[in-house]
Amino acid sequence: MTVGLEHFLILSAILFSIGLYGALAKRNAVVILMSIEIMLNAVNIAMVAFSRYGHLITGQVFAIFIMVVAAAEAAVGLAIIIAIYRSRETVDVEKFDLMKW
Amino acid sequence: MDFPYLSIIVFLPVIGAILIALLPQADPRRIKFTAAFFTLAVFALSLSLFFMFDTGLEGAQFVERASWIPAIDAQYFLGVDGLSLPMLVLATFLGFIAVLVSWKIDLRVREYFAWLLVLETGVLGVFCSLDLLLFFLFWEVEILPMFLLISIWGTGRKEYSAMKFVIFTLAGSAMMLAGILLLYFHGGTFDMMELAGMGLEGAISTLLATAIFFLLFIGYAVKLPVFPFHTWLPDAHTDAPTAVSVILAGILLKMGGYGMIRVCVSIFPGVSQDYAVLLVALALVNIIYGAAVTFRQRDLKRLIAYSSISHMGYVLLGIFALSQVSMTGAILQMFSHGLITGLLFALVGLVYDKTHVRDIPQLGGLARRMPIIAVVFSVAGLAALGLPGTSGFAAEFLVFLGSFKSTLVDGIQTYTILGMVGIVLTAGYILWLLQRVFYGPIKAQYDKVTDANRLEQFTIISMVAVIMLIGIYPAVLTDIIKVGVSPIIASLGL
Amino acid sequence: MEIAFWILAVISVASALAVVFLRNIFRAALFLVLCFFTIAGIYVVLHADFLAAAQVLIYVGAIAVLIIFAIMLTRETPRGSPSGRFRLIAFLVGATFLVAMILVVTGTDWQVITEAPTEPTTSPLAQALFSREEGFVLPFEIAAALLLAAVIGAIALVREK
Amino acid sequence: MPSGVPLAIFLLPFFSFIVISFIIRPFLNSKPQLSGYITTASIGTSLILSLWVLAEVSSAPGHVLSMPDYEWLAIGDTVIRFGVTVDALAAIMLIVVTSVSLLVQVYSQGYMHGDPGYSRYFAFMSLFTAFMLGLVLADNLVSLYVFWEGVGLCSYLLIGFWFHRPAAARAATKAFLVTRIGDFGFLAAILFLYSKTGTFDIGELHHLALAGAIGGTVLTWAAIGIFSGAIGKSAQFPLHTWLPDAMEGPTPVSALIHAATMVAAGIYLVARMFPVFASSLTAVTTVAAIGGFTAIFAATMALVMNDIKRVLAYSTISQLGYMMLGLGVVGIGVANDAIPLEVGLGLGVAVGIFHLFNHAFFKSLLFLGAGSVNHATGTFDIREMGGLRKVMPWTYITFLIGSLSIVGIWPLAGFWSKEGILDHAWDHQTALFFLAMITVFMTAFYMFRVVFLTFAGEYRGSNAGHSGASAHAPSLRESPLVMVAPMGILAILAVISGWLPVSSFLGGESESFFGALAHPIAWVSMVLAALGILLAYALYSAKWLSSESLRRRFAPLHTLFSRKYWIDELYERVIVVRVLVDGIFVLLNWFDTRIVDGIVNGIAGGTIVAGKGIRRLQTGQLQAYGIAIFVGVLAIVACFLIFG
């Protein structure tokens, strides 16, 4: 069986699901951020795969934009984590309930 | 009509409101005079329309029409006919009276009068609009000033009452909006005149027509109010400042009755006929139940509020008896009730102002100390119970006469006679009220209270004059009203 | 090529699992780096040479370093990376999602072109980004602005008050 | 005669009201006597004009003058026109109203002298007279109803004239309410008739009724509805309770409104609509039965009252019952074809209205006499009077004449009209005739009980400082001329009014002066009356019998009568208070606040409770939100997989 689009997409799905699990299940905010990066990368794989098998360069363009957003998100996200850590002495998301009511 | 009378009438109050908002807060006299000037100007203008109105013509006059939102064919379409002109005059008159009644306001004067004028614009807009969307817009405009006026300048549980008023009205409005949109989607226009003339009923299924009819009806029924949507009214009245009670009873309730005739019956004559028995029965509930509950009220304002519910039952009866005379009577009743109940609320305001008591058992013998208020209160009360020579009689008589003779509703004669029980009950609570509040030996704590001052005398006596005028020669109004009613009756296929 | 794919796929999945399941947060970060590397390899397999390079530069170079900094700054290492109370539900959600995605992927009739595209992709990519007619110049500029805003925002957030 | 004359009769007193209330009261309050003068002058002029009208009518063919009318309201094919009707009935009523009113106004200037509400009193009196005249002149049911309510209003205002007295305020309210119950039927009948015939015009209705153009059931119901208005206004059983209480008003008011004119409006109404009534046997039987029953029923209560005005009030009710009986029995004759239609219509009106005519004079005389007595003694309680014959000779004589007249002694006024009623009752309704005969005896007894207790014997009043209705401190002396003179004139009228050809003018029969004595019924009734007077004499003047022991022997009956059959209690305490205000209305109020408003507040409360519950889902935990998002995504995907 030759490797085709489906393989890449399934790989992407597996990585995405792992990232999803991490983002939902972990308590450490930094780990959650890391999981989100995995998810973003998984999406990128799908994008690039589509680009490869559809001969459309746009997929890669999107991947670039995703990277940009990921970078920005990582920067701001980590900055927020550090800011919260400063005020609360913890990065345990279960102890954050600022969004409550 | 070249001169845009109606636009000026509708928007002059709002201009006044803006002007007042720009005046310094520190000068309440100037604010009050500005408000009085603007409302008087509007009243004078509407009165001039009243005299210029051609009673030989059916349909709208003084029409102004401009495209408003072309994409959905919504228009800026103003005009008055025999239905709306009396309401317009009533609204402008009571608007002026409301300013006079508010002369003693000293809390945040500027905002108060500004909102009062905005309220007037909303109400006037409702009566002048011939485009459903515009109508709806004005209908909603009135809610915000009412909310603020009750919740800031009111008494007692004012926030609760203001909120109740808003929620009730908005719930009704939501239904009405749904109805209006359905009308638009099936009729293809927001133009009331066109919708009334196109025979929409025949074009859509009965179920749909009925559904639209009741969506609209509930919107108006909340406003009128019709049992069981009435409970906001006593609360709002009880806690509202006097002038707002005057406007609320005098004009806002009439928007409901006006809407029923203008929209429900005009556009759906067939459905109106099919459900007339039900609606007439509802009217009877309003009349008798409202009167019965009135007997149990101890608070002066609450009592009059409940009596309004009873009196609005006559309007409902007149409308859905579906005869020319009864419908004319219903509109006359709206006009008359606006004056009478407006006057009663103004008087209760005066009594409260002087005695700081509204609890009836605590009052007594006030006629000794405030003869003028007592006399005017008696006249207003007698007008409310339909004594000949007052507008109340002319209106109720026409409603009963028209209903009795109506041929479109089964068993209407029995219903009418049941409805007439209301006049006995009304006499009961009104006379009981007069007896408890004004007659008998005066209580010691009221030895120092004073009678109405000059301004107050002018206000209440001018209202009495109009009540008597309409009562003695109702043709002043009925000649105009019947012009508005006859096309609707024609559409009923008589 | 297929062998490369399988190797890379296995490693990336394994390292991703390690990121999520390892209790040692620092090691998890290192496995994340490994994961990023393998994904760069996947890009190579997909004939996306420019992206592969960018992946290494941005993720491995920049983001991974940021994350490690964050780990050190927050000094949470001793507590490790515990799982929260939602882990079971999260697992179910993740698994279901995976199943759903696989169903979608396998259930779809993909219209694919099998022959490899031309390399290098740098020039077509640049054209796609900057061409006058159908380019992404405006989004590109907005992305630049976004990055700037993110940088300033990050600085503002972590600045000592 | 210019057509403006009838209008002027009505408008003169009305302008008097306008002038008093808008010029004298606000600006000339220091000269209240002006109000009295203006009222008297305007009503005097009306009287002269009424005499003119009478002269014109009597010379007109058929005793009817046609008058123009004016459109009041026109909506579609419903047109309401107001006009005046001038015929024999109206002319007679005009004379009654203006003459009694004039005399009462003159009297009032003495009686009300010094009252702070002097101007208000005359304003109301003018207004009342105007409305009453309007009522008489009305040519259609709508304007008749308008004035009908108008006189009711004036009655309300004048009963409550001393509004600071709780009893007066209560009586006023009661009077208005009770009559309004009757008016409800009247209004319904007007609408009912209109819906069947399309006209409000009384003349046209007569034609239609006589021509048989209106169905029998319709006529019956319409007549009964109209009659219910008359029951209310004329205080017939079962709506009689307001009239005795109405005595709380000033005495001249009782004389004018609650004896001579307004309460007689019910009789006038039935007379005016007589062709409608006479076309339905059920209707006329009802009228006769209610009238006959009320006559004896009210008389029994008059037997035991101690308040002189209340005795007179019950007597008025009783006499009004007679009038109804008269109308009813002739109507029965007509409906049974015992009397030819063309004769019967005039005869019925004549029988009823002739008694009304006479009653107006002698009853207002009696009331004015009571007022005069009160002016002197400061009380209305006959137990505290006595011996006034010596101090108030004029009052005594006039009162005696009035009493003899009401009792029906030949040749005084009351005799003539009462004989007419009794004759026709004997002819057409024997059972009611016997009731009426017993009433004759009772009438004689209670009237002379009052006469003997008030004027004979020794003065029993103890406290001279007792403050009464009059502003004067009571002092035992004859009333001033301004009061005595009207009483004198009324006394003359109470003698001679029966000799006037009123009955034949109205279309009835008239008897020769001595010919009446040939009737056995006349003798029987006079013997009964004499027996009544004798019994009263025996009990209260000569004291041959002890009234005390008599009362003890008939204790249950006495209690029944003096407690007015507990009808007031039944109406006020049981029906109005227990059943309605404290019963059904409480229930409805509870329903309104608990159920209707409760549902509203319940919905609001439910929303708040639900919000509080649902708020718990907002844990603030990011991951929970994330899970929710993805569960949502999965749901969407699932939808696509399953349905798409």
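Labels for the chains are A, B, C and D, by order of writing; each one numbers its residues from 1.
In this text, a residue touches a chain if its C-beta (ideal position, glycine included) is under 8 Å from a C-beta of that chain, and two chains touch if they have at least 3 such contacts.
Quick caveat, the model's predicted, so the values are computed rather than measured.
Student: Through how few touching steps can chain B be joined to chain D?
Tutor: When the steps are counted carefully, the minimum from chain B to chain D is 1.
Student: Pick the pair with more C-beta contacts: A-D or C-D?
Tutor: By the number of C-beta pairs in contact, the winner is A-D.
Student: Using Cα averages as centroids, what's the distance between chain A and chain B in whole Å?
Tutor: The separation of the two C-alpha centroids amounts to 63 Å.
Student: Can you give the whole-Å distance between the Cα centres of chain B and chain C?
Tutor: 68
Student: Once you find the CA centre of chain A and the CA centre of chain D, what distance in Å lies between them?
Tutor: Using C-alpha averages as centres, the distance is 96 Å.
Student: What's the distance between the Cα centroids of chain C and chain D, rounded to whole Å?
Tutor: Computed value for the inter-centroid distance: 101 Å.
Student: Of all residues in chain C, which are in touch with two or more distinct other chains?
Tutor: Touching at least two other chains: 84, 86, 89-90, 93, 97.
Student: Could you pull out the residues of chain D that touch at least 2 other chains?
Tutor: Residues 623, 627, 630.
Student: Report the residues of chain D in contact with chain A in the complex, numbered from low to high.
Tutor: Spelled out, the residues of chain D in touch with chain A are 615, 618-623, 625-627, 630.
Student: Considering only the defined contacts, which chain D positions touch chain B in the complex?
Tutor: Residue list for chain D touching chain B: 71-76, 78, 142, 145-147, 149-150, 153, 156, 160, 163-166, 168-170, 172-173, 176-177, 180-181, 184, 187-188, 191-192, 194-195, 580-581, 584-586, 588-589, 592, 596-597, 599-600, 604.
Student: Where on chain D does chain C make contact in their complex?
Tutor: Touching chain C: residues 623-624, 627, 630-631, 633-634, 637-638, 641 of chain D.
Student: Mind pulling up the chain A residues that touch chain C in the complex?
Tutor: 2-11, 13-22, 24-31, 33-35, 37-38, 41, 44-45, 48-49, 51-55, 57-58, 60-61, 63-65, 67-76, 78-83, 85, 90-94
Student: Quick check on the complex: what are the chain C residues that touch chain D?
Tutor: Residues 84, 86, 89-90, 93, 96-97, 100, 103-104, 107.
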